[in-house]
């Protein structure tokens, strides 16, 4: 049995799908953030496996992942800071609480 | 140097007036009036001088299509130029505009509140109008066209009466809707203006290149025609006109019906027909039908209105329909008639609106059912109204007659039975016009005084007399000496008619 | 007097109009009136001078033909390089004759109005200056019409006289009846003018010329029979619905004339026009403007002669109108209306006369051309103008005296107003065709012409002539006899002031002698002299019929008796119908109000507001509704946003895939 | 032909990723969710190791597991009472989420599957990158050198630090 | 190792210098001189902006990872000008009491986001682009949350940050697919690799790239954060977000679509963008019609404006590119004029709804006048600059010559009528409606006033002075090669 590229892409894709599902269904903002992490992570996997399987001569995918991890960290930090901030304001992290601005 | 051409001053003088007004104190009504009258008078003088220049040039054997031509590159990447030039039609339209602006200033002598702002917008509008007539570059024409449209919103909105918010919005949106189509048409023309890729916005060059493909013409022509037709109150895009006119202040109604609606007719032949003669030949009958309907329909609608301004607005629909109708006949005589009709309608409607404004200013009603016997109370205005009415129904000696006759006789020259039938239908409007004009005159001016309070009202003041007298004299001059104007106008249509013939 | 003086004939009234119109308000009433009368007097003198010069200076006769003279003819409006409308003055026999008629009557009316218009039921008349200005305008327009060098000019002045007529009928603008009448007059004639316009358009389209008389090497359409023939043939035999286009054009032009000349069924405005001041009725609605239609047909006579179809229509319409109006005139109680119907009837005589004059080519040999009817018509036009103006002015004097138009308010006035009575009697005798009064001569020629067309036409018109005598004398007897006048204590009717009486006397004299004007020498269709002699058979019979009519009137109306009411009861249906003018007004009322206004105008206005405008509003509303409808997309929930984001991205991907696959 | 160990490894990693991803988004306790996330991240790191990207795997563990998850845990503890359980999902919400996820995955999956190269590609050559090579590349200005992104990302991190500080500050 | 390559990106470096100076000032200067920080920053930035107008050296650095050319230079200058206006407007606001502790951070974050945008504009490598994108968006979330006392500020920040991260995830997924196809992240290399590609994967990747950048541009359906964030964020931040961020995103979007995916233009993304543009303009307009809060109103208006900007992208030619840059320039002035007025009024009265503006003309003629200019310019009324920009962008789009684009332009034109309607509503409120309790006469700060004057002059003059557009066309003509794949 050969390990083809596809076999790595499928778990990654499922992970992405889970992230999307989580983002759309969770009420807790932190849980949503966690779902986002799943999505970002799955993309990292994509880059890595593409790099490894298809274009092993250069390391662009790998480096991209490297930077993406840094970016993800920064995003998480900012997002969590804002979540805390919102928590201070509304004493809650329920995403349904922050729907005052609409229409 | 751009200032060498006298034409540019038609745009500069209103702008200078704007500047002068801006410097005026808000409260200094005298100064404001002085500046406004000065600006308007200078425009009239310039317009008269332009007529002289034109006649001299033609007299000296200058047979070029446009005189006083000059080009100044503006947007080089798109080959947009500030191209100036006038032919006979533009000259008379400028003359008309100048007179209407002058009388408009007098008609809004006592405008309240915010006289300064009123005149600011008023002159911005004039800038647009004059700019439109002096330029022969599609882009600048369109720009000035829109400059002329938008002040209407504020002029009606702030100084209007009645359901002014609704009317102002409706008017602005409908006219801008028309110009939306127009803009696309212009862009389309631009990108087919030359076969060799040296696109140009200059009307003369486009017409000379004659490179707009026939298939494109068929799309672009209706857009351009409808775009201008909306402003020309073509059925079924005329509904802004009654509401807009009813709500507008006097001078704005005057300027709008008197000049602005003329931009529509002018644009129709100068841009839509001249540049796309093939499509004009093919699609013309469709629009002819619409304009034919406009004529009769407007007249019939006017018969049952009770608001003076509505009557006039519908009458404008009818008369402006005649302008477009004549233009679509594609022969020199009818087109000349169209321009005469523009002149005539411009002056006469301005006169009408001025008088209605003056009457409304006194009675505070425009409902003819609530008024009567005005002739006894304000004979000057009454006589003025009768004269305007007679001009409108085509009394010989006043402008309406010569215009309509030239149109009918010109239209009848068209050998096609379809056009003939429409000519006859259009001609029948002279009877309907008589019906509604006499109905108004009878109800408003004659008969018993309906409201005893009206007996205390005064007749026209001096500024009002100036405004109306100037217009009446103009109407009479055109009516009595039409050939003077015909000679100026008629040769301007040769290129258009030739283009139409060649495209057949 | 050189013919170029005719420019002054036109110019003086115009200047008077402008002067009185602009400055009249500032001037006194006396001054205005006197100025108007003097100006008109001068005009009259010049007009007579011009006419006499034209008629009696032999230099205008070339080869036995009296040539038309174009005095002045500048371009006025160019439709195209070679398609030009001119405005000018041309003198030819009928123009010269009309100058005389118009200026005479107008002068009389100006003079008369000094007295008549000075007060209104005892109060000073408002708008006295306006009245004179309008009179001047009318006189100018009418003169402009008759001296027209081309058809378009006639049309122009047709409109002008229409407007002046409108202004003068509506002179009492506070009276609803007057406003209504003026409006009606204008609109009905306007409708006719529309046809006139169509006629000119068709004619102009083919001939590319409106000129009657040639000038500068061009030929006019009325220069000669050949010129007319070539004009007609310019249509190249084009036909429309089976008739030649020229026949259509001429018929349309006739309809225009019929509108002004109140031919059935366009006559309805004329009786109502009597709401205007009586001098106006005399001038416009009896003597001058109403014959414009006749004048028009006479002017285009060379063309009509060729297009026999149009001529037949005129003939039928004229004959019918003559009878119809006479029948109505027999029962009217309002003297001005009765006179108005009499006018219609008499104009119809002229029309018929014109139309029959081309009846039979065989008669050319006997009477030297088509021209007997033509000449008779013009002759009658001339004499009728005189005596009908006289009758109207008399009626005006009577009305002024008793303040009523109804003959029931008059009766037995002979005792009080002897001069008026005699003048009226002269007028009646003239119109009834009793020799040697003016009407006899002209009417006799008409009847001869009719008999030439056919016995039936002749008998018909003779009968109408008899009716004319009957109804005129009916009016006369009812006003001046019938029974003693009920004297109002405070006000006794009497002959009026000299300004009003003098015109009556002058016109009476004219009515007596006008028949002796050698019209057949002066006014003929081809400018040649026409040799006629009295046809004693016709003359005798027509006088006889007239006498019978007079006798009948005498029996019925001289002394108060029950005969009229018996007759009325015996023929009550007919009487009612005639009294109500055979319900033509009601028919018009129905068409204008119920059909045009209620069934066309109102629905169109409704359609415009609700449908066209409604559609525009609907677009705005729909946009706004759409905006309201989609507001839920912006739910405020982040997850909602993201959901749409994702779906949107996928949808775009689908769009892309579709494009790639295609 | 892959080695059995590799295949075995693959299945463990794939299973862990799938199972824990699902658990992460379905568990109703937030702290567990964070824990499952940690497992997913570890599994991912394992995958990187399997791909011979040891440095990347290390970074994954250090930054994600060591940094981000800790951050999550801190904020969870800050904002939640212990043992707090989320409400059950409404069916509508679940349906929406599921539909979007499935649609998205289906679209991407179809796209990936339809791209022929992916279905067959295998690792053909040794892809390991020496750490000092990596370091050189990271600071290289040549093609496939990453000096500029390296500097740029430092700016990004600085910005996020400033932002995070200013937001999280109490005043 | 040639570090002199950094000199090929002088604007970025200069910006970082400005940032450093501000940072040092903020950190090390004593408390009492802190109040001068706004002035210091503004002046410093003004000097920097002025220096940037000196034409810079053209070329690409770091082996083609970043490129400076006349177009990017011009675009950055446009953004600098906008930034300067924002700084002028915000000066008074940042001296408010609640801003005292984070005044420095405000400026630092603004400058750093601008740096991110510069990276986006100049990047010719997706990694750099992504870093730029993140730098340009994450700090904005923090900025949005600046007004801690206002609840809306928090909600805005939360909404922004979540949607932004989600969007960047989608974008990265797209990039990963691109990488999977092309095996490289350099723009030029990708471009050569995807010639002739007609795979579904590329289309999906394109869709995700459009979504990711479309999020920054607030294209429908990726726009929904816009209104809430604009409304909730402090007005200065909203102003910044609405023009600078959008301008940078638009330019880089055009570069990516043309240079990277040019080969897929007519096969795929022309039509994808086509649909997006129609949706964007229409939905933006429809929503804007119903808004009463002016900031929210401008949010939707800016969405529909973004649709017009995208016409310059779909044109995919140098003329369209120049028109787009010109549009952005005009949009900077117009929108900032509007936000300047809103900010000035909000700062002193806290009022932001249309109804509050009733009768404003009576009490504050100059504010109303500026606002009216802004509205007319946004609505595309001549002789104001907005008319010219609209016209040019339509011309640019129509230059493609395809009938479909003409139809698109027609739809856009019809939409201008709707947009005119709601712009006129604002004008109506100020000029036509009367209100007894209208906003009292206000005194704007020097900075606000200067900003408004600059904006008003810009609105009036930019259209009339043809040299700006002319030089923009020259700049874009110089980089015509990026359209070589179209």
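Observations on the structure shown:
Per-chain residue numbering starts at 1, and chain names A, B, C, D and E are given in the order in which the chains are listed.
Here is the rule we go by: contacts are C-beta pairs under 8 Å (C-beta built on N, C-alpha and C of every residue); 3 or more make two chains touch, one makes a residue touch a chain.
This structure is a prediction, so every number in the text was calculated from the model and none was measured.
If subunit C is removed from consideration, the chains that remain stay connected by touching as one piece.
The chains that touch both subunit C and subunit D are A, E.
Note on connectivity: the fewest steps through touching chains from subunit A to subunit C is 1.
Here the largest set of C-beta contact pairs joins the chains A-D.
With centres computed from Cα atoms alone, the innermost chain of the structure is B.
A separation of 37 Å divides the Cα centre of subunit B from that of subunit C. Mean C-alpha position of subunit A lies 64 Å from that of subunit B. The geometric centre of subunit C is 77 Å away from that of subunit E, both derived from CA atoms.
Centroids built from CA atoms put subunit D at 7 Å from subunit A. Chain contacts: subunit A has residues 16, 19-20, 23-25, 32-33, 51, 54, 58, 60, 63, 67, 71, 74-75, 78, 81-83, 85, 98-103 touching two or more partner chains. Counting partners per residue, subunit C has 631, 634, 636, 638-639, 642-643, 646-647, 650, 653 as the residues that reach two or more other chains. In subunit D, the residues that touch at least two other chains are 93, 96-97, 100, 104, 107-108, 111-112, 118, 144, 146, 149, 153, 156, 160, 163-164, 167. Annotation, chain-chain contacts: A-C, A-D, A-E, B-C, B-E, C-D, C-E, D-E (touch as defined at the top). Note for the complex: subunit D touches subunit A at residues 1-2, 6-7, 10, 13-14, 17-18, 21-22, 24-25, 30, 33-34, 37, 40-41, 44, 47-48, 51-53, 55-56, 59-60, 63-64, 67-68, 71-72, 75-76, 78-80, 86-87, 89, 93-94, 96-98, 100-102, 104-105, 108-109, 112-113, 117-127, 129, 134, 137-138, 144, 146, 149, 153, 156-157, 160-161, 163-164, 167-168, 170.
Residues of subunit D touching subunit E in their complex: 107-108, 110-112, 114-115, 118, 139-149, 152-153, 155-156, 158-160, 162-167, 169, 171. Residue ranges on subunit E touching subunit B, taken from their complex, read 319, 322, 376, 381-383, 387, 391-392, 394-395, 398-399, 401, 406, 409-410, 413-414, 416-417, 420-421, 424, 427-428, 431-432, 466, 469-470, 473.
Looking at the complex, you find that subunit C touches subunit B at residues 25, 75-80, 83, 85, 152, 156-157, 159-160, 163, 166, 170, 173-174, 176, 179-180, 182-183, 186-187, 190-191, 193-194, 197-198, 201-202, 204-205, 597, 600-602, 604-605, 608, 612-613, 615-616, 620. By the touch criterion stated above, subunit B contacts subunit C in their complex at residues 170, 173-174, 235-236, 238-240, 243, 297, 300-301, 303-305, 332-333, 373, 375-376, 379, 390, 393-397, 401-402, 405-406, 408-410, 412-413, 423-424, 427-428, 430-431, 434-435, 438-439, 442, 445-448, 482-483, 486-487, 490.
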